[in-house]
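If you scroll down you'll find the structure; I have some questions about it.
Labels for the chains are A, B, C and D, by order of writing; each one numbers its residues from 1.
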Amino acid sequence: MNPVDTLAELFKEFPGIGPRQAKRFVYYLMTRSTAHLEELAARITELKKNISTCTECYRFFTKNNVPSPLCSICKSSNRDKETLMVVSRDVDLDTIEKSHSFNGTYFVLGGTVPILEKNPETKIRLRELTNTITAKAKHGLKEVILAMNATSDGDNTVHFLEQQLAPLAEKHSLRISTLGRGISTGTELEYSDSETIKNALKNRG
Amino acid sequence: MNPVDTLAELFKEFPGIGPRQAKRFVYYLMTRSTAHLEELAARITELKKNISTCTECYRFFTKNNVPSPLCSICKSSNRDKETLMVVSRDVDLDTIEKSHSFNGTYFVLGGTVPILEKNPETKIRLRELTNTITAKAKHGLKEVILAMNATSDGDNTVHFLEQQLAPLAEKHSLRISTLGRGISTGTELEYSDSETIKNALKNRG
Amino acid sequence: MNPVDTLAELFKEFPGIGPRQAKRFVYYLMTRSTAHLEELAARITELKKNISTCTECYRFFTKNNVPSPLCSICKSSNRDKETLMVVSRDVDLDTIEKSHSFNGTYFVLGGTVPILEKNPETKIRLRELTNTITAKAKHGLKEVILAMNATSDGDNTVHFLEQQLAPLAEKHSLRISTLGRGISTGTELEYSDSETIKNALKNRG
Amino acid sequence: MNPVDTLAELFKEFPGIGPRQAKRFVYYLMTRSTAHLEELAARITELKKNISTCTECYRFFTKNNVPSPLCSICKSSNRDKETLMVVSRDVDLDTIEKSHSFNGTYFVLGGTVPILEKNPETKIRLRELTNTITAKAKHGLKEVILAMNATSDGDNTVHFLEQQLAPLAEKHSLRISTLGRGISTGTELEYSDSETIKNALKNRG
């Protein structure tokens, strides 16, 4: 294979990128200077050099030449240690942080448990989660919020985690909660499903 | 104008119908039998003959040859008289009823109050609403739920009604509530706005 | 069924209208005056009274109190009698007329021949078309343009008509032609299929 | 800026990529092995090392360790030397080649001339094009096909080139042609604009 097709094959594995756009990426790169391509290549190579996975919440974080096993959130003394929010992916954590509506700590599952999945424990960091919860329970943890997507995979992951965490929750008197359902910004009542309306009524304020 | 264009002009006023589709409606009708057109015309003419506007909730309802000023919901002894849900349009009421999650009574505003509207009272049935609330307050009404769309017009209508109903609410010790906001079925956390996340956290269960 | 649902059922048969929009039409009509509904009903009932089907081209046309078996195009002495354009539906004829690029006469097939259709002759006015061509051949007709959609049903209709009209074309020395394929206004080369490019090259000017 | 944001900034410059997807690319890369990232970086760095720009048609081509100023098409003795197709970008050339409907040679302009552009000659390889045409005219060139998009920019580029190439065309008796317009595969007559219909009629076959 020629260099164009070889590189296009690699871009095709990027999330949401089809063969046509992958090729357009390559043609775009060919119009850029050699210096720019070297800059891009360097950033890709170094990506993981400066990035660590936090040993407590498992999110990716920048080391900034300061060796530390913990990310800035887990290290911070300003975060509320009583609530732990479990999210699927780093992007979800980013979205929550940007909303400035949560001041507790996080745990990144690294995936979801699809419906009918035979080996759920291979899809998410279950053992790591129970370890983190056990450790945090000794330091004031009171609530675990399962913050999953309102999709069938998200619902299934909530269901699986509720079962798996039940003994731990009972042992340490932890509340296991989920995100409130209701009408989300921008939606019209007429197009809302019964489940959403039921929750919007239950959670009325 | 010829009969085709004259009728197309009338169809163009239908909600969501442009000139092209209006004309397609006419061509469609020309392929139907004269009997079918007469049937359609008869149903349109008789539409309002069998339909009344309920004097209590202002929704449209079918008379069924039984003269009554009230619709089946307002007449029913099985509906909870303590909660009144205020909706914009009949379709919203239909959607709520289909969700089987509400057993109180309704009030149809007949519209919304757009932002910057100079004469809000001309857009919705405000006087009729205060009359209905005053009357129901004497028969056990405890809460008025403002069930508007989660859009800017909906939010503005809620804001306007809260101001207008405040004296009445105080006088009769009524709770004025709104639909709970949160993540609606099918949405992913990553694409949720800060307002929705804030509410999803507040309403967690 | 109540008047709302009965009428909604009739609107659901309109082209491109689903149950939700059908109901929205009914609610819209309920907000209009009784006079408006009667006007609409009258226009629907009278639709076919003033409309005839042209006995030559089979398009719908307005009678305007002047009884005539022919539409304005077929009656006109300014139209070129040497070319006959065969279209599927009245809307196609309207689109061509609006383009001011054709001055011949038309024939409206009244449908298309879907692929694998067992009884093609029941789907379109085939006998009427051969009659019209035979009659026009005696008065100078030289070319029949099969102006179908560039879709698989359109292509199939062209194929079927070419076969059916072949004997007639030979007998009267008629040219049977089809619309030129090529790049249509607004399209980009990159997204064009091989068939379109082949034709764009063949028809280059 | 941290490594994630720095890399996301570079991906944001990729064609059609917004800030959200740029970040998703970075997160995706973090889940891949260091070996995979090094492979990707190597392919990007080497991209231009093995790629040359053809000195005749200006398309990108793979050198394959065989030093040559010409691409495989320009070098080939099987290509028809009488027709030269001028395209905007390499992707257009790829699309035409895939259609197997053209056997002449190409010239890649490297861009288009937008409407009202003050310095058109800075947007496209005009001098290189006239040089190529002059050289090819001595070896049997008879026709130059301006194969631009059927968009306003494409039309403007055609118009500009026709003016610029007029003296050369006259001097060497060259035909300057453009792609045929017409109904493209998949379109319906009803939705076609007047220009397209006019061309479909002109190019009927």
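Criterion: a contact is a pair of C-beta atoms (placed from the backbone, for glycine too) under 8 Å apart; a residue touches a chain by one contact, two chains touch by 3 or more.
Predicted, not measured: the structure shown is a model, and the values here were computed from it.
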{"item": "Shortest chain-hopping distance from chain B out to chain D", "value": "2"}
{"item": "Which listed pair, A-D, A-B or B-C, duplicates the contacts of C-D in over half of its pairs", "value": "A-B"}
{"item": "Greatest separation from chain A - chain, by CA centre", "value": "C"}
{"item": "Inter-centroid spacing, chain B versus chain A (mean Cα positions, whole Å)", "value": "39"}
{"item": "Chain A-chain C separation of Cα centroids, rounded to whole Å", "value": "55"}
{"item": "Sites on chain D at which at least two other chains make contact", "value": "89, 91"}
{"item": "Chain contact graph, described as a line, ring, star, complete graph or other shape", "value": "ring"}
{"item": "List of chain A residues in touch with chain B within their complex", "value": "87-89, 91-92, 95-96, 98-102, 145, 147-151, 154, 177-190, 192-205"}
{"item": "Complex interface listing, chain D residues touching chain A", "value": "2-4, 6-7, 10, 14-16, 21, 23-30, 34, 37-51, 60, 62, 64, 89-91, 94"}
